[in-house]
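A, B, C and D label the chains in the order they appear, each numbered from 1.
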Amino acid sequence: MSNGKVRVGILGATGMVGQRFVQLLEKHPDFEITALAASDRSQGKTYSEACTWRLVGDMPAFAKAMVVQPPQPPLDCDIVVSSLPSDVARASEEAFARAGYPVISNASSFRMDEDVPLLIPEINADHLNVLDRQKSKRGFTTGYIVTNPNCSTIIMALALAPLHAKFGIEAVIATTMQAVSGAGYPGVPSLDVVDNVLPFIDGEEPKMESETRKILGRLENSAFENAPFPVSAQCHRVNVADGHMVAVRIKLAKRVSIEEVRDALASYRSVPQELKLHTAPEHPIIVRNEKDRPQPRMDRDAGGGMSVTVGRLFPDNVFDYRFVVLGHNTIRGAAGATILNAELLRARGLLLGKSGAPAQSPAQAPAQAPAPAQARVR
Amino acid sequence: MSNGKVRVGILGATGMVGQRFVQLLEKHPDFEITALAASDRSQGKTYSEACTWRLVGDMPAFAKAMVVQPPQPPLDCDIVVSSLPSDVARASEEAFARAGYPVISNASSFRMDEDVPLLIPEINADHLNVLDRQKSKRGFTTGYIVTNPNCSTIIMALALAPLHAKFGIEAVIATTMQAVSGAGYPGVPSLDVVDNVLPFIDGEEPKMESETRKILGRLENSAFENAPFPVSAQCHRVNVADGHMVAVRIKLAKRVSIEEVRDALASYRSVPQELKLHTAPEHPIIVRNEKDRPQPRMDRDAGGGMSVTVGRLFPDNVFDYRFVVLGHNTIRGAAGATILNAELLRARGLLLGKSGAPAQSPAQAPAQAPAPAQARVR
Amino acid sequence: MSNGKVRVGILGATGMVGQRFVQLLEKHPDFEITALAASDRSQGKTYSEACTWRLVGDMPAFAKAMVVQPPQPPLDCDIVVSSLPSDVARASEEAFARAGYPVISNASSFRMDEDVPLLIPEINADHLNVLDRQKSKRGFTTGYIVTNPNCSTIIMALALAPLHAKFGIEAVIATTMQAVSGAGYPGVPSLDVVDNVLPFIDGEEPKMESETRKILGRLENSAFENAPFPVSAQCHRVNVADGHMVAVRIKLAKRVSIEEVRDALASYRSVPQELKLHTAPEHPIIVRNEKDRPQPRMDRDAGGGMSVTVGRLFPDNVFDYRFVVLGHNTIRGAAGATILNAELLRARGLLLGKSGAPAQSPAQAPAQAPAPAQARVR
Amino acid sequence: MSNGKVRVGILGATGMVGQRFVQLLEKHPDFEITALAASDRSQGKTYSEACTWRLVGDMPAFAKAMVVQPPQPPLDCDIVVSSLPSDVARASEEAFARAGYPVISNASSFRMDEDVPLLIPEINADHLNVLDRQKSKRGFTTGYIVTNPNCSTIIMALALAPLHAKFGIEAVIATTMQAVSGAGYPGVPSLDVVDNVLPFIDGEEPKMESETRKILGRLENSAFENAPFPVSAQCHRVNVADGHMVAVRIKLAKRVSIEEVRDALASYRSVPQELKLHTAPEHPIIVRNEKDRPQPRMDRDAGGGMSVTVGRLFPDNVFDYRFVVLGHNTIRGAAGATILNAELLRARGLLLGKSGAPAQSPAQAPAQAPAPAQARVR
């Protein structure tokens, strides 16, 4: 950290989300990648040998000659961000946390654990308060684990958050049309989506139904209390490269006008915007009024891929309102979400690094002091 | 009708649904096409000159040299089936009915009129009883108008029908993923669906929300009474050629087990099956238990395109059950639906032709006698 | 063979081409499937347990309870047809041939061997005469190996055959746009073809360039002599489920009119048509004159998937003529090709079965007697 | 031009290419849009009323309130850039040129006229010398017409240019796979490309075959002499949003090694790079060595959409070499091409504006002085 940047190790660096980490962190003002790790046969090779770059644009030059290491401590870094496959994530991430590294993970292994924050900085920054319990329960010292939700869940939860905060949500019915990049590479066989829709994504419906309630729930006395409303999710894979779309109906606790709903969505700002976190979009939610928006190809890159776009907001015959929300599944729904979490942790002074010392210089963390007062965002 | 077949005129013969009429009636045992009409600049040309054939397989030979006529009476036929564009359908179809022709229409113009049946033979064959009122009110003699619903509505309504009949439906929330052929040709611009989903289909949501209630409603004293449950529809266009998929949640009036729901769907048989109508599928509803079905490319042609396929039947967190239903939008959802209606009318002895005489020989209508007893299908 | 049918074992039965074999042989008049084998972990399971059916329509009932066996002799059958993956095909197919089974293979392992026919019955039925050399060289008794070409090669070769026979070809330049089903399942990752074209198919260009010359070459004194013209192939994968399209330019040895070219293509009939083989299309080549045909979705199923369709036939600025040819890659290009080969072998009396006795009753093989006279088709 | 910028009027401003003009000129250092015109029913409306914005990102704010005018002089601007439909382009563009405006056009009307430059600044900047003949022949004063080629032609011609300059080309065989955006909006019906390839693009093959030869030809004594090699083009529409791919075989006049070919392509720099024109890419041609590149989704945006990418460079069995070249059809192939032409004209001091005075301040045109020496680029 000679340059004052937090030194980051990427777990799962050769996968699609791992590549997004490398891309998004290449020119980050506060983070620099110092280690790449992967669980596959790429260990010992250079990143350029081990990894077929699958994002638009070229592999960042800095990463090409880095040697891919096993996803086990020690790694030469202050923190690790992880997009390991779920079958190896649990053991690897736990090992890093135990070895003193803050672990900021996109994997699903720990998301629903009772002492692990399922963090969307706009929504539940206060859930980080569970980390004391986590450390004490698991015997972690400087290390800990913070997760972000499933891709479609993040996108929907962002649209639900201001409505739940202002009006109270009583029920949510969500139907997704999800992009193929959500399954990584090789991921979805083309025969499943050419002239076709696949009405099944393994594990997705229960994830949306359970994670949403934890995200929008409360942390009371270091215990999570789920949001009190049920969520129903039907998930479909469509012939789209990037961009998850969710058709949503909501039942609200209060009678409110459609203008109030629209305003609550369009005016939504929260902790990342206040802290001016590097990856935070100016508008977490963009509301469009055209009759045929949002569309994946047109709206997925809004806000650098970190904004979600809401459209088709109408009163509903059965519930109160309906709308469609869309976001970039591998940016806001995965790699960008993890990085935004890291940025929040850094701003909160929680990136102590494995040495127990702050992983960034105080001068670069002006957001630390006021953080406690902002801890309760809802 | 020298060969005992009902002589059919096609209105809108050059469009996509019109071409399906020509294809499906080519070898029909009880109907023969004797006139082709269209509203566009094709009048006076032969069908092969006027019409670029857009279905798999070649234009049927019998049709090639037929001259396309204006969609105005008289036409040399006993009945007309219509897929005219909605802007010209109303005047043209009314003119034919007034001139004495039974009009069996796929157009939307008359669907919601209070004296017009919105017919799905499996569901509401008894709605034909409104025809007396229609004739008297409009001063028709031998002519009348019978319509079939919108494509996505038919597909969903077939799955709802046995559930409403057995258990009572209290609410329906439907989210569609619809094929591009539903918009005809040229129809949906490719830029709207390549790597994209379009969350808007003009007029589709209100059609599904209103038509479903009329279809599943009751005819009492020659007046339609809507089914008492609300319907919410969100409609999307996806990159699929044929096959509309609908993700459905239902709230039922009774507590029933998932086995009862599955049995009600899988065992569904009704009037067209009893009458062995030529176009009727043996199984109006096919229930599949694989985790990833139905799929448009795999299931749209089930039952010759006249069956709908239900899968992903599960208990729902918010409503009682959820499932996905899929059907072929231009066969069961359009041309096949209209032809099945014509077959029912013929079996019921209602195809009198413009002369007032039966448009088929009595010997070919064995289903007529028992028809009254079967009139109330629900 | 109690019912007089040839008893067939399928090697690679669980793959996409293996499933096509099962589908195409279900109601075959002369063949019946008596054994299913696969190289993967499905051995010992029933076919319905081992195999996720990926073709439109349901798995044939007869196959469901059959137990999948290892692809090693003995199998309870007279002949084997194979679509094994190329890495296991060589050893397995050789073992079956050595054990006395005629092996009719879609795999690439033996295609270019100097004693193995690369058979397209319309083009080079006389190449079967190499089998004597094959048996003697390899020490086979009743067994032998016959192969069919690569999918895109078959489709192009059918269009080249009548032109080479009548006018002589001097050079061929071919550019393909190939369907994803050609790579099997899971095959091509959807991210490679959504809003994309992949300009690379492993091994395809050299296959087209070498196989074409063997197919259209001559068998002289039991030695293959390649056709004397060079072939250039550039191969691309496009977002199409089924149907390979090839844009072709040809340089001919003679100056001929475009009408002569069209007639040579459209009038093409050969051995399978003369023998009325069950799977043989009436027209191996269909020539269409519309400006925008052939198209995969419209033309791939022509002739039950066994015809190829030629269109866009024009004089060329650089070579003599150009055209586009399209065919169904998993039917004419794979499973149907293998079965047509089996039908030819049966008609020629070459299906002796592993016992050395004819694998079909003489009464069912009327084509045997005249076969020698027809042996030289070109 | 109070701020020293050239004042631009857009003809065809509401179409897809017109929207690209608006997008690309929004922040241009040397041009500003001062008039919008269109031939359709949008005249008299504001641009935001008249135009459904179909590009990713929002309509530039500056354009929203501008009123769309008829495409007839006078317009309040120094020059016009045009993407009018070809049926109206000829009369409108001629009228502007006659009225004194430099007309820089993407339309096809004048491309092949014997006194009109068909300009690609990297290739034939010297063709601008024909403008004197044009003005004198047509009686233009300060006005003139400069065109850019068809989209697929530009992309291919860029790859051919250095090879023709260094080695001499003797023949070209090109097979295209073109994106749907090339046809504008609504353009290609989705039914034509879902699970399909369309082997026909109206007028495209003759355009590629004739325009290429003019572009790569010579201007001698104010007369164009076509490049002496024949071009064969087969054109196909595939299910891709943006990015035209061309599979190319070339026959060269000299025997050269593949390294020489690769170097000629990769090292290509020309007039726009020397003049540092704002829209000029640093590398007009990017050569990639991966086995599966270029791909439309991965490579179309290279160089801001102004570079073309070459890959799959191999010796060819029939001709000398083959390769695949890909470029962004609406940027390098249309709007960006027109703007680059405008930038070259400005740098050459040829944007006199309708008043006959330079349409830019001398201080902003440092490239003018050395321009004559660079006028002959080949």
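By our rule, a residue touches a chain if its C-beta (ideal position, glycine included) is under 8 Å from a C-beta of that chain, and two chains touch if they have at least 3 such contacts.
Computed from a predicted structure; not experimentally measured.
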* Comparing centres built from CA atoms, which chain ends up most distant from chain D? -> B
* Asked: If you tally the C-beta contacts for B-C and for A-B, which one comes out higher?
  -> A-B
* Comparing each of B-D, A-D or C-D with A-C, which pair has over half of its contact pairs in common by residue number? -> B-D
* chain B-chain C separation of Cα centroids, rounded to whole Å -> 42
* Which whole number of Å gives the spacing of the CA centres of chain A and chain B? -> 45
* Find every residue in chain B that makes contact with two or more other chains and list them. => 192, 194-196, 239-241, 297-298
* To do: In the complex, go through chain C and note every residue touching chain B.
  => 56, 194-195, 241, 297-298, 301
* Asked: Across the complex, what residues on chain C touch chain A?
  -> 54, 180-181, 185-196, 239-241
* Along chain C, where are the residues that touch chain D in the complex? -> 171-173, 175, 177, 192, 194-200, 209, 230-232, 234, 236, 238-241, 245, 247, 249, 291-298, 311-312, 316-319, 322, 324
